[in-house]
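Each of the next two complexes has subunit A plus one more chain, namely subunit B in the first and subunit C in the second.
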Partner chain A sequence: MTNYFDIDDILAEDELVPATFREATNGVGLFDSTDDTNKVEPGSKVELPFWLAQELHLRQAVTVNVPPCFNKRTREEIDADAAHVDLRNRCPFFYELGYKIAPLVGDKTIGRVLLIAFRTRYKEVLIKAHTAAFEATAKFLSLLTEEEVKLYKAAQSSAIAFKKWRKGGPRFQKASVLGRKRKPIQ
Partner chain B sequence: MYGKKASELVKEFASSEPGQLSAFNNDLFSQVLEECNGHLLHLQSLLRKMQEDGPDNQTSRNADHFGALMHHLSIVRNKRCLMAYVYNRAEVIQHLGWTIERVLPEEIEEKLSNPEKDYFKNHSATLQSYMSELDLDLAVDMVPPKDPYIKVRVLEEIGNVVLSDQFANLARHAILFLRRTDAEHYISQGLMEELSS
Partner chain C sequence: MASQSDPHGSAFSAAELEFLAEDEMVEIVPNIRMDPLNLISGDFGPFRPQIATQVPLWLAVALKKRGKCTIRLPDWMSVEKLTQVLEAERDSARDFQPLPFHYVEIARLLFDHARDDIPDIYMVRSLIEDIKDVRFHKIGTGLEIISERTYAVKLLNLSAMEVNIVRPFVAKALETFYKLDSPEMIQDAERRPDARTQAPDRGPRRPLRPR
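Here is the complex of A and B:
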């Protein structure tokens, strides 16, 4: 289980997933409804954030459908060359959402897609993190999901730490919180 | 859409650099609280309606039931976002207590809300009293030194101070050898820098 206070988990659950209402629901002004009763008719197709869709799905009030980031086209692209698919644009929490949504929609193939994508991209991320010059990375970073960006940064900082350790140098540094805004020197 | 404002709040925290704080967003925070109150009103009115409809209707899966459920879930979600915002900021503030002792620089202090300021004060006071009880400074560098003295340059005028082994005039730009333990907290406050030999 993830931590209740985990920021990334909260944001991942904010991703929209398509859902279809199976039951009528009263008194929710979710959507620009046509009358004042704010009623949602059964059969309406809507996009709900995952945190809401999941709970409603468990109570059989809505049916969750597979989100567009796991559609056929994306799968084909991942099969072709996973390392260069723009996953960030599709869903910045691609893996987390896939992991959470798979049991709900009962699609067994999602797990395989996630695994292939992650395995191929993981290698690429590490190679780039250790070799690429800083200027060249911006374009590459824009393809990565949040989790991959974290991996990339971790790899990069360990490479930097290794270099620093080899060269030696000052151990003490100013507390990093103080670094940003310097008071103007009069 | 429900829960939008709350997730904006969380996003704002997520976008600030790790270990850094952005200003406490009182405005958005109270907007989310207001949203919760709105949900509560809706929830109560739906519950009342269900009660009026008769006892046989209460547990059944009717439209009011699901409406109430959605409002309930939204409140729970908003609560999680608010809690996470406060909790994660508190973690950062706790960490500040270890890196910079006792006094917060102005540019950080103005970003905290009042309870957070108290929290910092109390937390660092607790740390200090624990350390003085132990008679051990727990905030020093964890790696044992090769040499008890290091060479430092003073970056900002500090003046005459009594150090553990000497009186020193820490004038700006002076370069001197100090005990590591003396120099450490000046360096972490940005008043000195270590010169590698």
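Here is the complex of A and C:
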């Protein structure tokens, strides 16, 4: 799944995650704009994109904290009714980020949250993809994460392609070069 | 093979499946005299007026278009057979009736090109539509069972078109479940307790490699 050229993978790694610097670091004052010293004090909290946080974590420069989309409140909402939690608002790449960040923060429960959320929401996606009219889906789609939208689109586009085929219409498409008149040669 | 029409959709487009379905054999009754055709896929004919012979669907359609034959309706497309199939489909919530692998496509091609060879065409058409709807509904409800303990989905007697329509969705769903249920994400101790409760309710779909 993880693919260097996968645009969704790149976007997922762009999500901001909270991190705490372990050491004073010079030259990265842009993370902490409270003074002009262009350095970060140990213990200061910053928000870093995941790809940077991961690298700094590997070099033991920062400690990655659990992002707000996996906080207690979200978990409670997921336990209560996962299908109607607005995950997209919290993190458009909920599953991807959770999957990547779990080993970094050493939180063993994230995996379970992801699984429970997906198990419940998968059914909702399945039902909606097969039944809902197109107008009714806009509201529903706004709750889904990118991964779920992809799944939903996969189901819908194949169903639409089938319906189109069944309705018929022109079986052969004319190539655009055909029928174009050649310019008279002077 | 990527689809020509929609690179992100099914592995085949519907038109490509129709192309594959054209290799199915049908019986025709020619009204012309013609020598056997020796093609790479086999020898067809000889064609004698009023003597039935087996040819691939594409050839049957081509001859039919030129008014050189009548196509005999396949057995499974008779009203009685289809009524039986429809009833059986409605009776069982899980199993699919055996129909030709390309039944959707064959039916469509025959409806398009050989409507005068089909007795009770409206009846046959609506029966096939009904069968298709029942089966699609069944597939939809059947897929709800997929969870993190599904490693494979067994779909006996499913037709080419039906498989093709659900393929992108099922593949993506299984992939995500597999990823989220990987051992690094979920520790074994917490996996066990509810593994037993859901196991019996799996119907015709069961994991090939239960953990």
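Just so we're on the same page, the second predicted complex is superposed on the first by the 156 of 186 C-alpha atoms of A that agree within 3 Å, B and C clash if a C-alpha of one lies under 4 Å from a C-alpha of the other, contacts with A are read in each partner's own complex, and residues count from 1 in each chain.
In the analysis below, a contact is a pair of C-beta atoms (placed from the backbone, for glycine too) under 8 Å apart; a residue touches a chain by one contact, two chains touch by 3 or more.
Please read all numbers here as calculations on a predicted model, not as lab measurements.
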item	value
Partner chain(s) touched by A:23 [first = subunit B, second = subunit C, both, neither]	first
Touched partner set for A:158, first subunit B, second subunit C, both or neither	second
Partner chain in contact with A:102 - subunit B first, subunit C second, else both or neither	second
Contacts of A:119 with subunit B and subunit C, given as first, second, both or neither	second
First (subunit B), second (subunit C), both or neither touched by A:168	both
Which superposed partner A:76 touches (first subunit B, second subunit C, both, neither)	neither
Touched partner set for A:129, first subunit B, second subunit C, both or neither	second
Touching partner for A:86 - first (subunit B), second (subunit C), both, neither	neither
Set of subunit A residues, in rising order, touched by both subunit B and subunit C	168, 171
Partner subunit B, residues of subunit A touching it in the complex	4-8, 10-11, 14, 23-28, 30, 39, 49, 51-52, 55-56, 59, 61, 168-181, 183
Partner subunit C, residues of subunit A touching it in the complex	1, 95, 99, 102-103, 108, 110-112, 114-115, 118-119, 122-123, 126-127, 129-130, 147, 150-151, 153-155, 157-159, 161-162, 164-166, 168, 171
Footprint of subunit A on subunit B - complex, ascending	1-3, 7, 10-11, 13-14, 19-21, 42, 45-46, 61-64, 66-71, 73-74, 77, 80-81, 83-84, 87-88, 96, 99-100, 105, 107-108, 141, 143, 150, 183-184, 187-190, 193-196
Subunit C residues touching subunit A - in the complex, by the definition given at the top	5-6, 8-10, 13-15, 18, 108, 112, 136, 140, 143-144, 146-148, 161, 164-169, 172-173, 175-177, 179-181, 184-187, 190
